[in-house]
Amino acid sequence: MRPSGRLFDQLRAVKITREYTKHAEGSVLVEFGDTKVICNASVTEGVPRFLKGQGQGWVTAEYGMLPRSTNERMGREASRGKQGGRTLEIQRLIGRSLRAAIDLKKLGEFTIQLDCDVIQADGGTRTASITGACVAMVDAIRYLQRNKQLTTDPLKQLIASVSVGVYQGQPVLDLDYIEDSNAETDMNVVMTESGGLIEVQGTAEGAPFNRAEMNQMLDHAEQGIAQLIELQRQSLAE
Amino acid sequence: MRPSGRLFDQLRAVKITREYTKHAEGSVLVEFGDTKVICNASVTEGVPRFLKGQGQGWVTAEYGMLPRSTNERMGREASRGKQGGRTLEIQRLIGRSLRAAIDLKKLGEFTIQLDCDVIQADGGTRTASITGACVAMVDAIRYLQRNKQLTTDPLKQLIASVSVGVYQGQPVLDLDYIEDSNAETDMNVVMTESGGLIEVQGTAEGAPFNRAEMNQMLDHAEQGIAQLIELQRQSLAE
Amino acid sequence: MRPSGRLFDQLRAVKITREYTKHAEGSVLVEFGDTKVICNASVTEGVPRFLKGQGQGWVTAEYGMLPRSTNERMGREASRGKQGGRTLEIQRLIGRSLRAAIDLKKLGEFTIQLDCDVIQADGGTRTASITGACVAMVDAIRYLQRNKQLTTDPLKQLIASVSVGVYQGQPVLDLDYIEDSNAETDMNVVMTESGGLIEVQGTAEGAPFNRAEMNQMLDHAEQGIAQLIELQRQSLAE
Amino acid sequence: MRPSGRLFDQLRAVKITREYTKHAEGSVLVEFGDTKVICNASVTEGVPRFLKGQGQGWVTAEYGMLPRSTNERMGREASRGKQGGRTLEIQRLIGRSLRAAIDLKKLGEFTIQLDCDVIQADGGTRTASITGACVAMVDAIRYLQRNKQLTTDPLKQLIASVSVGVYQGQPVLDLDYIEDSNAETDMNVVMTESGGLIEVQGTAEGAPFNRAEMNQMLDHAEQGIAQLIELQRQSLAE
Amino acid sequence: MRPSGRLFDQLRAVKITREYTKHAEGSVLVEFGDTKVICNASVTEGVPRFLKGQGQGWVTAEYGMLPRSTNERMGREASRGKQGGRTLEIQRLIGRSLRAAIDLKKLGEFTIQLDCDVIQADGGTRTASITGACVAMVDAIRYLQRNKQLTTDPLKQLIASVSVGVYQGQPVLDLDYIEDSNAETDMNVVMTESGGLIEVQGTAEGAPFNRAEMNQMLDHAEQGIAQLIELQRQSLAE
Amino acid sequence: MRPSGRLFDQLRAVKITREYTKHAEGSVLVEFGDTKVICNASVTEGVPRFLKGQGQGWVTAEYGMLPRSTNERMGREASRGKQGGRTLEIQRLIGRSLRAAIDLKKLGEFTIQLDCDVIQADGGTRTASITGACVAMVDAIRYLQRNKQLTTDPLKQLIASVSVGVYQGQPVLDLDYIEDSNAETDMNVVMTESGGLIEVQGTAEGAPFNRAEMNQMLDHAEQGIAQLIELQRQSLAE
């Protein structure tokens, strides 16, 4: 029995709100249950120095949590003067995942910067960020297309992400905070709409896990991500 | 004529939403037109070292803007490794203003930390922050009272803040971004519910201003702040 | 009665010494009683990146205190690895004030950097800095004119600054440290030689202040600044 | 055909040298082919603040690369003033992995700090680090036992790590730099001596990977790690 | 012939002004020709953590240059966020030298912090700093003695410092900036009043130097430092 | 009697291993007894900004210690976010010394970066670094010559370095850690193969030293460095 009463393979209520703020080229509020993340996509002309003159674009991401998005206030990273290891790890993951969704050559010399800022955290902030940022990125691409700055479609495929884990011996889908902080194993999966794997990051928090559990978790992730991608499609069709 | 069509002494639509996020002891979304700020109040036992053993509490504030809360993306302060001068100036102002609302002796050895994070900016983010943070602080005090951690009422008075300025030769109230970036003079005022002045910070951006303009701006601020405090009261009565 | 025995509207002994150090294009030691600040103006060709190609100049300022300029030694900011919020706030104020004295278009693509370093502090270091830096800036302009690098006069007007406050219920002019640390209200005012207001920054340290007190403080500031500008003129005429 | 001529499931020559430097309680040079890492284990009494008084120990890790351990010189992190995201990610992984090998309760209030410093890099530095650090940690435990500071054996199980990937469509074991920089998929696996999974971190660098490829990679990893653990045992038996 | 017309073994005009600022327990302006340094000594009770409970005191130093103490403006270290290598090297030298003048056991658990801030630089700022700081330290000791906080005399001996060098093939004493920036060899010497060597730091800037030149430089330094110590004595006798 | 049983003027066993790692243009492991330092020389085209367009090259150095190269673990500088004063002082010394060995004009617009990383410390790490880095630099020059990027020989002379000191009243050569931490005087000397002095840095740790001791130390250094240079020659001849 899960604390939330959900089935083992059941997602939380997921909601994707586009045009959430007014300035960004793509702006999405994504909610996985009580986890709420603002994902803003900003387009700029030009690329970072290491890509100059190669005729391709770039996609990158930054991640942050409001100090009181969590149960106990965390110190503000801007005031401590550096981003923590967890933050850097997550924003590298988001950037890498979104670059897998796009043909950088077709994007041309534009940079899309994704900012994922967690307003309220209840487990799964990185997977919600990736799922929301993908929609914001599509809106940013559409913005470039509407403005005739881009005549091709650099989007290769939608991607989405969900967490899975082993909780009280049972593989479960989309862990909330209570499950996450007590899980034996925690795994984040990123997949494409055609079912390809982009990232698999599994960690034994307590006992090691075995291949059978790994397979069950991946099964859960596959069907959860399929649902998320369907929700992205519906949102983008509005 | 103001760009928004407002009267010279007219506030934007102001909205105060309490219990905006679920973790903080006080959590307010404050909107001054298109300016939206999340104000979270966090209570912790104990005080900073310089106050230890004096039997009094402390109130302090931090301020941040989401990178894409503005028209052009600003660099993330956490990633640049330091808070800019403007940020530090604003958070010092917020903290100072809110300490004027409270009797620190009556608060006892608790610290209330206000986090004001701008989700969307359209001028007046610091005045909206102060106005919203005051409501969040009251909720944090009520939290302590409900939990019997506090038996007195440390709130001396509500405070609120608004900007005034000289725009095209005319003193106006509550400048939005278009006015703010073209104003000859910009002034932020913080007042108590009984009409006392807490902070007056006026800056000539173009031509110097004179005593007559100063007085008209203060008149506008007085009546604007009276309305804001009425809105705070209504919100707190809900 | 003021601790120093001064009248309510009486400045401390003010002294302006030009050519105080030998390397800077303008170098002033300014003394407001026991407050002593070295104000050096440095001229460089070129402007910061954000102004390139606009055919205008720039004026900016930095501020620091020697660690033992104060009664208790303060940590050295260079060694702590960052400038504090108060320092940033003050140097932003100095820069903004001095830009109001000058026509940046007429300056051409030169940058004047003002360094205000407090040798000994006894209250009013920021107002002394502004007052002294204005003289140093004029010397830097004259240097450019002597060298035929500048054929116009970019100085629009002299500016000067003084603090006022409410001390034991009484509006007073030019607070020294004892008054400053016990004042109910502290206000810094910057004005032009023609009496225009550039900056008004008033803060209630204890009780709020009212419009009548505000007006008396501004009256004191007006006459004090008029005297300071007369002293600047005399110094520059030598 | 692999660039090195190795079989698809063949490790590079692996060498573990204990007592490599003289000061550390455990000091190992680990070589995976041309990848060479010094793994030093340091024992200190006491634990970090967040664990104080809980009667348990702690294991943590730091990772660094000599600036010229790579083909092109990398900037020295100490001189740039911060550790990069990749470094933080790797040292978090090493620490997490080694904590899975040990019963922190049985360790008592000691901290074992692992320092993994890459002398020469040729792919797989993080997996070599984990494999070598485990041996250094065992030596540090033995040091405590010899000194009678520890009377129990906190080691639960040996762990080791290896990289696997998809190179030119073919799942392969223990990628060297040439393979690593051209692989479609790169995956790092950490396992226990009893075959349990501790960490699985797979990333599609080019095309997504599928479940079949994932399973083949895990098969390779399993047998590679079994060999590594045998080498650890032999080394520790000397 | 030296640019200044001085004899090879002639010091610049040296001036030591005590009680230069009013807050510090010892405050000296030291001038070696156009080089001017404020040396403030601050006394605090207690010692750094690494000395706690050993019944001894500590002497340490910090060094800084005003940004425009030099011919071209240098960036402010506080604003760049770190002290440069040269600064750290100099302040370590000053601290080490002054600790040689004092019996830390007799000082008891007090810390004397020396701040040497260069107001105007013309070569030899570190040697002037050491020479001036020694006088400021003596005044700080006398302050403790006057206040009955210290009943012994921890001063073992006066120390002073001067630069010597090889300029155009000729060993010379007390180089000014023009000589310093063109010298083949530059050497800083710190000695006690009884003629013992505390520090010798010689660097070949161009051609190597030989033992004969080294000896001539040390001869110059010996007699220059004897004069400086005589000046310190006279100053302290006033 | 020295703790190691060595004669007063006897070096420790010194070993120079070239081609120690495979990526660097010059890579040396230098051992002075138990002190072991990896000295890597990296060649890049171009020079730092302050030398651009002057047709000359540059040589610079960085220095680091592995955290557990010492008896007690030192904090990792990369993780503390800055290099300490001792580190900066040493790397400035190494760079200065090596620039004395080379004709920067003849080097042309190349930069040689020396990285000296201490693997194991037992006193004299800076002198070993200089001695080893000189050999690595020669290998880097040969690399440029082999590649026809350099047709001249910019090496003016070999340089080497050794420490001398006064230990229990006796001048001794090449102090190990036990001697170094108990010496009355510690002096580092850098000399050329023709016997010229490049650097002399002597510090009285306890009692002052006199001219006679200074001369004996320099005598020791002269003959020790002559031996070191012979070892460099032999190594380079292999």
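In order of appearance the chains are A, B, C, D, E and F, and numbering begins at 1 in each one.
Just so we're on the same page, a residue touches a chain if its C-beta (ideal position, glycine included) is under 8 Å from a C-beta of that chain, and two chains touch if they have at least 3 such contacts.
Computed from a prediction, not measured in an experiment: that's the story for all the values here.
Student: Report, in degrees rounded to the nearest 5, the angle of the rotation taking chain D onto chain F when the C-alpha atoms are fitted.
Tutor: Roughly 180 degrees of rotation.
Student: Which of E-F, B-C or D-F has the same interface as C-E, meaning more than half of the contact pairs match by residue number?
Tutor: Match found for C-E within E-F, B-C or D-F: D-F.
Student: Nearest whole angstrom, what separates the Cα centre of chain A from the Cα centre of chain D?
Tutor: 28
Student: Chain C to chain D: how many Å between their CA centres?
Tutor: 59
Student: Measure off the straight-line distance from the CA centroid of chain B to the CA centroid of chain E, and report it in whole Å.
Tutor: Roughly 50 Å separates the two chain centres.
Student: Identify all positions of chain F at which a residue touches two or more other chains, and write them in rising order.
Tutor: Residue numbers touching two or more other chains: 81-82.
Student: What sequence of chains forms the ring when you start at chain B and head for chain C?
Tutor: Chains encountered around the ring, chain B first and chain C next: B, C, E, F, D, A.
Student: What residues of chain E sit close enough to touch chain F in their complex?
Tutor: Counting only chain E, the residues touching chain F are 82, 84-86, 88-89, 91-92, 96, 100, 187, 191-192, 194-204, 207-211, 214, 218.
Student: For the complex, give me every residue of chain C touching chain E.
Tutor: For chain C paired with chain E, touching residues are 21-24, 27, 34, 36, 38, 40, 42, 44, 62, 64, 66-71, 73, 76-79, 81-83, 87, 113, 115, 117, 119-121.
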